[in-house]
């Protein structure tokens, strides 16, 4: 921690700050500059009464050196975390995971037809919303418990695990007994109550980034989960809200690439919600994999024009098959491995497939 | 609803869209332009299968004409809604309401001393956090149930109602029996489960705008509450997240002024969280009142340097007294009334006090 | 300057950084923390080869303590700067300056009628665009040289100085000989060539904030001007671009209030461009004055529905008169003075009128 | 154009609007909806006095159907534009173009060493700044005319064309006689004077997106150039400014993919300025190519730690060679072609190489 003094701070003001620090059992080191003096603080910052310092006369600001997250940080756990969902592996040297399915579960027939289709195209996992967070109370809110039952049934029949979003702690038991992986959506990334209660179930969690959450806040939300003893967290970049509104949200691959350096947790991308229109899904999907994503979660519908929600951005089965065909015809590549190795001193073994035809 | 066709759309594509609309029982009107044709749709849009239209060949985009909210809109209810909290009135011709108190309740002594101080300065209501949503799991999370008990006790003793934030539906009963007004915080504005459950308690609600919520999303969140039959909603503008980070959040008085035109619900401002530093609270408080806010919610601490959270942005009692002194020495003013009258055809009687000395 | 080492940095890496600093003639102070070591650097940072430091092994990041601007900073010049435009005073204890006029000069008749009207309502200065920066090449681009001639003529006849925007260094001479104050618009805030060339004319400058410029960038743009020896700069907050697009730009009064603390330069506000619609201009104008603005620049048109640009956001003469009437019926108020006095140690004498009726 | 009436608009208000439209020679079509009436306007909107309409009583808003740009639009020119710079081809079926070089030209030795290095790695063109726009007047501003001379000399010797940024119309002649391609930087995207004057030189232009420019504004800036008769424009996505500041700017691949659909102009990406740190350049470079970029412009320095500007984000020659090695070991791929074909009715032949090893 660094305490920056006002340029006109008098020496007795500086002395008072140093004395206050020493009273708290901390060491202070004066750093006189050409224009102002700063005071370096050594010791465990947990014991610093920072707000009091800020109101002492002559103090201009306090600069933090240490990041506020720990358990999610690669500095604390340099090795990649692998998240396991019934045989599907996220992270580390595993090949990218492909999750696909409808935005909302609408019927058994719809779900089965989509699930079968995406599985044949190579998808590893099924997605489907049973509880839908909608901006308007007048929009379709999902089938609820029935939707989860359909997901369980279809997932079992096709032998592919599924992920679905939870909205309320009242559904904890339902998800605990039925879901293979539980999604915390963008709107609930800051719902710390839900985060912790879901964490306690001990199941794998797919944590989506809030639409205006910083990388630090995103990692701190994951920290809430790890802090409850659950390390089975997959992060998901799904686009951020910016001034630019010609597409729905801007897929933030800068942050995805940064998180691969900063955190040991796997991170996947959701090109569908970011694009907001189906004809941008493929380029963004490829871009995410190229930037180092550990997987993709893609909305697919058998009849997008009949979808009860988000049809506009869903791929149909044929387009999903084309996307996956590009993926299957792919070699191997070291993605971002060189830079990370230099940075962390680790030798990454990750071999990551990308979209390209031979 | 307006369906915009691609400039190269052929007449049979246009005909197909018109036919599809008529099949759905809607009327379609061709609007040929110099470059492209648009199709106006008449009738209740609830029956339009919009996603199917979007995927029909030749269709470029669909433009909505109607706002998605209804109950909160001044178009549906032109008269100002008045919200009553034990004798305190928000909205309409009532004078601005002053809510003040600590960010977090820390102890009976702290709370009582602050509450007594702000009451003497003219505050109408007490605020205090018992459950605190914190970005980091390692930050102080509030006193919980004990905090609510202290608020109840102090509020009764000083005869001023209090508002406090709820984070979880598990605390519904606690708030139902103890709180005078229940706050839904910025991080939970999109937590529709919580919104509806709190709405059902029938108590007055203070709904804060999410830090990146649009005006439309903010009003739709309120629509969730009104849609449950609870009209006692006070909105609160508390600053939005932007690229500019030299202050914490930018207080969005454009949206506050716009919401006064669009909605009949009262709206107050929170200059403290927006400023993020105590020396900007007073100018922003005055600006909010001048822009037409129906009240202010201000963080005040007896010893800001000892505050367990947000001390940096809290006013001390002396500074709050100075702010309120400016307010008390004030005349009357019609704020924004002329424009609103022109706009809505109503004659507003609102007389609103502003900060200024005589 | 503070060099933060990686948590796993070895002592020989730390030693190498310290040695590199000492080779550059700087003093380095070790600040071992609980998780990592930081190195405080003392001396004039101008001589630090920062980029080399960043690539030395073990270095995580470099944190700057000193703000990059100097001449515009209140730390360097604590006294308020007063800008004089032919008898009109901006800043310090002067009362707020009211600038008004059409977005674009369209004809002598239009300009004269508006100028006369706003003067009668109490405006101190005239504004009018002769060269208009338009997003589209197909929009009206202004009358050019003829517009400046009309402004000069009308300003002389009515004895009120005028400000107009310059777009190109080819017009330097035209503005030098005719304009009373030269505006650098939002789109040119980063056009450093233009900034410096206009600065050299020695005339008063109205510098608008870029629509996504940070406070630091805004002050650095002014620093370019002061660095050429011209201190006659009035800043103008005109709204920033954010995710929220229900109004055109969000008027950033947080930054306005912050700049009043950080800089000695006067700062005014433009509620018209921020609002983007006439019925929000009055509330934002009042809010800006309440937050401490040294003046307002407002678009007024005699027949807004006939305006060749920006008619939607222009007040007509009647509405401007109403706004100014509120202003004239006003007492005196110390705006933001207490906090600033505490902060800077100066006793501000500023007495600032606000909008309120007695 | 669609005129939306207020829900309470009376029929005589609607009639007045229709009459006003007919007076202007336009056809109006009533579109009565369940809640309000809209009026469709047919004919050339150039003749609509829109601002007058907006102020007519009962009118709520005007919705535009037509995009404001034409010449840059694929709707007007469906075929991909190919831009030629001395044998290097941007766009269409050409393989991605690799531009590399230092942020700023510092010396002949530095420039030659970098240019030779990147050419050996496979770069097609050289970049180098001679005139640098810097936020602070105290930062290195470039070698100016000498820098251009060095670029010319090195480019000729190595037989690779170069691109460099122009800041002022005073340097038009210098660039006309020496540059192979002229860059308009992000800060000058809105400097319409410069845009048009550079356009008139008839040389190929690299137009960077402003850091907070919308897709529409970006395309309109290009429209300014095409409107002067110069179609040799390559667009460049270089990252946008958002709330997220853990990396410098967010590379907006959504917009890049969208622009590939909307416009016939080639578009490349600048991963260096977006990343702001060298270890994110490679993942973003790969992502941009995967998303459909027609090329990359990358900052490379022989000794990044000695760079006079932007050293932090520059790759050294070794890292650039690694990046290009990945690229060379690549197959062919149809990028985004399927969607585009569906959308525009064209059969794209584009075959685009991506980063991947075989």
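A, B, C and D are the chain letters, set down in written order, and residue numbers restart from 1 in every chain.
Keep in mind that, in the parts below, contacts are C-beta pairs under 8 Å (C-beta built on N, C-alpha and C of every residue); 3 or more make two chains touch, one makes a residue touch a chain.
Since the structure is predicted, the reported quantities are computational estimates derived from the model, not experimental observations.
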Copies subunit A and subunit B touch; is their interface built from the same residue numbers (over half shared) or different ones? same
Comparing centres built from CA atoms, which chain ends up most distant from subunit D? B
If you tally contacting C-beta pairs, which comes out ahead, A-C or C-D? Let me know. C-D
Using mean CA coordinates as chain centres, what's the gap between subunit C and subunit D in Å? 28
Distance from the CA centroid of subunit A to that of subunit C, rounded to the nearest Å? 38
Can you list the subunit A residues in contact with two or more other chains? 212, 216, 241-243, 245
Contact set on subunit D toward subunit C in their complex: 49, 51-56, 68-69, 133-138, 167-170, 187-188, 190-193, 211-212, 216-217, 220, 223-224, 227, 241, 304-307, 311-312
Which of the residues in subunit C come into contact with subunit A in the complex? 1-2, 4, 6-8, 29, 31-36, 38, 40-45, 63, 65-66, 75, 212, 241-243, 245, 345
Could you pull out which subunit D residues touch subunit A in their complex? 212, 214-216, 239-240, 242-247, 249-258, 260-261, 274-275, 278-280, 282-284, 286-292, 319, 322, 326, 330-336, 338-340, 342-343, 354-358
